[in-house]
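Two complexes are shown next, each including chain A; its partner changes from chain B in the first to chain C in the second.
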Partner chain A sequence: MGLTNQSSGISLIRKKFNIEDNNKIVLALAGNPNTGKSTLFNHLTGLNQHTGNWPGKTVDNAQGFFTHNDKEYLIVDLPGIYSLLAKSKDEELARDFICFGSPEVTIVITDATCLERNLNLAIQVLEITNKVIICLNLMDEAERKGIKIDIKKLEKNLGVPVIPIIAREGIGVNKLLNAINDMVEEKIKLNPLRLKYDEFIEKTIKNIEKKLDNILDENFNKRWIALRLIDSDKSILKSINTILSNE
Partner chain B sequence: MKNLTGLDKLPVGMTGKIKYMTESSNNRRRLLDLGLTQNSIIRNERLSPSGNPIAYNIRGAIMALRVEDTKNIIIELIN
Partner chain C sequence: MENKDSLSNIENLIYNGKDIGDGIVSSIYERAEKIYKEVVTNDTNNNNIESKLDNILTSKLFGYPIMILLLGIIFFITIQGANIPSEILSNLFFKIEDKLTYLFLNIFNAPDWIHGFFILGIYRTLAWVVSVMLPPMAIFFPLFTLLEDLGYLPRIAFNLDNAFRKSGTQGKQALTMSMGFGCNAAGIISTRIIDSPRERLIAIITNNFVPCNGRFPILIAISMIFLGVLSDNFSSLISTISVIIIILLGIIVTLLVSKLLSSTILKGVPSSFALELPPYRKPQIGKILIRSLLDRTLFVLSRAILIAAPAGGITWLVANITIGDATLLSILAGFLDPFGSLLGMDGMILLGFILGLPANEIVLPLIIMGYMSEGAMIEYENLSSLRTLLVDNGWTIITALNVMIFSLLHFPCGTTLLTIKKETKKWRWVVFTFLLTTCIAVGVTFITNLIYNLIF
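The block that comes next holds the complex of A and B.
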């Protein structure tokens, strides 16, 4: 499914995350801290999980397996983060995995009780990859607080599936699994929201993208990398260097 | 502009509207990611025993910010 296991740069990132098994469909679970990523993770994987460490900082990186609709999945529970752009170690690792680890589907869990501030990360993830499912967790608490969310409209504006769930009780999880299945089978039409920058920046992006075309293959999202270069984000250069020097 | 002041001067229980940030360090990006963007509404919820950090309500979430950071955030006082 567009994923080349041979490309050693990507397998390097995967190795960093202790993903050796290439027969399973890899899912990434991202979201702000305290939105229920691990709750959902445990619900999906049951007791099959084992934890592993990745180098850098001792952050727990939980991985688990589950089967749905005759497909085997490996799901990576990323650390809770507010942004893919800030400079802490866990944010860097989450970014590297989403950007270079090529997960088949990235699930962004958001807290429905304060959705607005959660959408920052969701939109950043949408800038990197098309295959995103937005999960609205804590729907019961939101309802108790009198918050109503127009899911259809949100889905239309974000251009990817939006699934309300209550991870604690497992409500909505089946719908989520079906959405993952449909996305893997490329049955869903995606039209992800992409931020448009002003004319000058867009022109600069185009120029950098052209240059990147000579260096990087199609496994990289060049628009996004160009944006990071404009940001003068040095850590992204470091990550790309590590990947390229191992190819 | 009227009533412009640092966020650290916002009294407990009062509300302000964020206008801009003066510093451009790593924290700026972080604060923006936390939702402290231009024209967002912020309310001083309560002080910690020593008065630093202070708990603020921003977009429905409560977070504690240090005075070192809040004095660089310029707000407009609203009632």
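The block that comes next holds the complex of A and C.
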């Protein structure tokens, strides 16, 4: 990873997100509001965190550090969001970081008691990046409410690891850390879910992707950018523009 | 490797076909639903009281009626319960007034104007503020806090989301509007939760159309002493219904003005938001009582007293300073009178609203003060004699109704105006809100008065 980082200019992009330290493995923590994202963040990093502002924004940007298995990690707590369609400032920020900040692993924390809504975000994150771990939080509350989740089936559907946890009590966090470790070491076989859209959309995506090939290098997920362009999402252009103009 | 040219190239790729965005989003949602159904089994879902309750409370059919019914019950209890303590308090205060008058005039030999300023001005206004406002507040606030504590307010926002969306804004405005029932200044600060600057401005400008803690007592008091007595058997019911109608009117005006603003000077598409319905909670009765009585009742009351005391004194002065052979008060009220009667009210009422700018709590006491200091000083010792006082001063049903409507729609109080300045950073929006609300209040009362006069 170190090599690709230096060669690609990702470090420059990350600098835009106030990440100066390139020796640590960068993780992103995403999730709906009120899913226990900050609880997990605090549990992982303890007092080892600092908050600042996102570049040019007033939204808090919390970063924390921790060590596991002799690896040093830097974890970014993204704002709580429901989607990556960039309808709000928070969504735009989270999207930009997951897409352009190239975190080694993106952890999507979900609320086991209302999984359906949380899956929407998970699926959207999977469209951007392969390296995703889904965290099922609030398993105790789900159990209390009589909700049973077939973890194996969910893993098969999403094609990435799914780790049940109870963030409040720290249960399952070790499993999560091991999964992060394995993903960083590329020990996990990934088969992430990619939505197939209808024929017309797919054809349009292909066309735009081809054109994007001439403009953007391999660090950008062109299928996803094409998808956003089809959705006439102008904010993605602005983001690409700011990131390119600093190179 | 990249340059500006290539960027404009990308720009050309933006696809402008419609409906494709919807197609993408629905693909995502469908897949999420499919996976959810495959992996989650929910064996107690049907027994889940909470979701059952939510299904009823937020259903299309029952959502609104239940909302109105719950508010109705609260007002009914308030109005029914406030009558007697109000009488007791006003009796008590006016007995004390007699004693004080005796003390001032006969023991201290104080000059007439000192007695007038302190007793007839300040003390009497305070007595009215406390006896008219304290009982309804002490009953209403705990009940309203109970509703809050149960977690019902977010359900109100959920119910209203659709209506606000149709008005070109979003459901979060229902939440900030609900906050406005507590205090409009607080409601305006709470609009920070709205991301879109356009929708936030609309929420700020329209927040004043729901009655705050300071205005509820006026509405309740007038409905009690004036509208309630229309029928002997159903007095509390009529009062309740009239207060509910006023509140619904406030919500309707909120929606209409939002719609108007979002289709004229603040144009735009409503942004999406997801509202989480928090779990219902067991209310903590002790905490509710302390919080509502200390934080709300005493807070509102002390604010009212602080402002009412000097205002009462000043009103007495104004009523007793004579220019030529008329008092200053009658000159001012007389000046406003033609305009007031156009709106189905009178000059004294408008003067009360104007002098009540610092705090809406004191509008009614000011009006009463004005009436009392004008005519011969008759002893008014209970609420039914208060009604006599109002009737003697020409109040009819339309007067009472229009005072309530005007109180609901008129310019925000001083604190709220300053808050608007703080939040929008521009005086322009303060002036705009002031003018807009006042024009609407004038317009609506003018029309109701016109209709009333045409019919009767």
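General remarks:
Here is the rule we go by: the second predicted complex is superposed on the first by the 231 of 247 C-alpha atoms of A that agree within 3 Å, B and C clash if a C-alpha of one lies under 4 Å from a C-alpha of the other, contacts with A are read in each partner's own complex, and residues count from 1 in each chain.
Here is the rule we go by: contacts are C-beta pairs under 8 Å (C-beta built on N, C-alpha and C of every residue); 3 or more make two chains touch, one makes a residue touch a chain.
Computed from a prediction, not measured in an experiment: that's the story for all the values here.
In the superposition on chain A, A:Asp198 makes contact with chain C only, not with chain B.
Residue contacts after overlaying the shared chain place A:Asn120 against chain B and chain C alike.
By the touch criterion defined above, A:Lys153 lies against chain C but remains apart from chain B after alignment on the C-alpha atoms of chain A. In the superposed model, A:Leu85 makes contact with both chain B and chain C. In the superposition on chain A, A:Leu40 makes contact with neither chain B nor chain C. Number of chain A residues touched is higher for C, counting chain B against chain C. Shared interface residues of chain A (contacting chain B in one complex, chain C in the other): 82, 85, 87, 116-117, 120.
Every residue of chain B that touches chain A in the complex is listed here, in rising order: 26, 29-30, 33-35, 58-61.
Residue ranges of chain A in contact with chain C, taken from their complex: 33-34, 82, 85, 87-90, 115-117, 119-120, 122-124, 145-151, 153-154, 157-158, 193, 195, 197-198, 200-201, 204, 208, 211-212, 214-217, 226-227, 229-232, 234, 237, 240-241, 244, 247.
Those residues of chain A lying in contact with chain B across their complex are 82-83, 85-87, 113-114, 116-117, 120-121.
Those residues of chain C lying in contact with chain A across their complex are 1-2, 6-7, 9-11, 13-17, 20-21, 23-25, 27-29, 31-33, 35-36, 38-45, 48, 195, 271-272, 274, 276.
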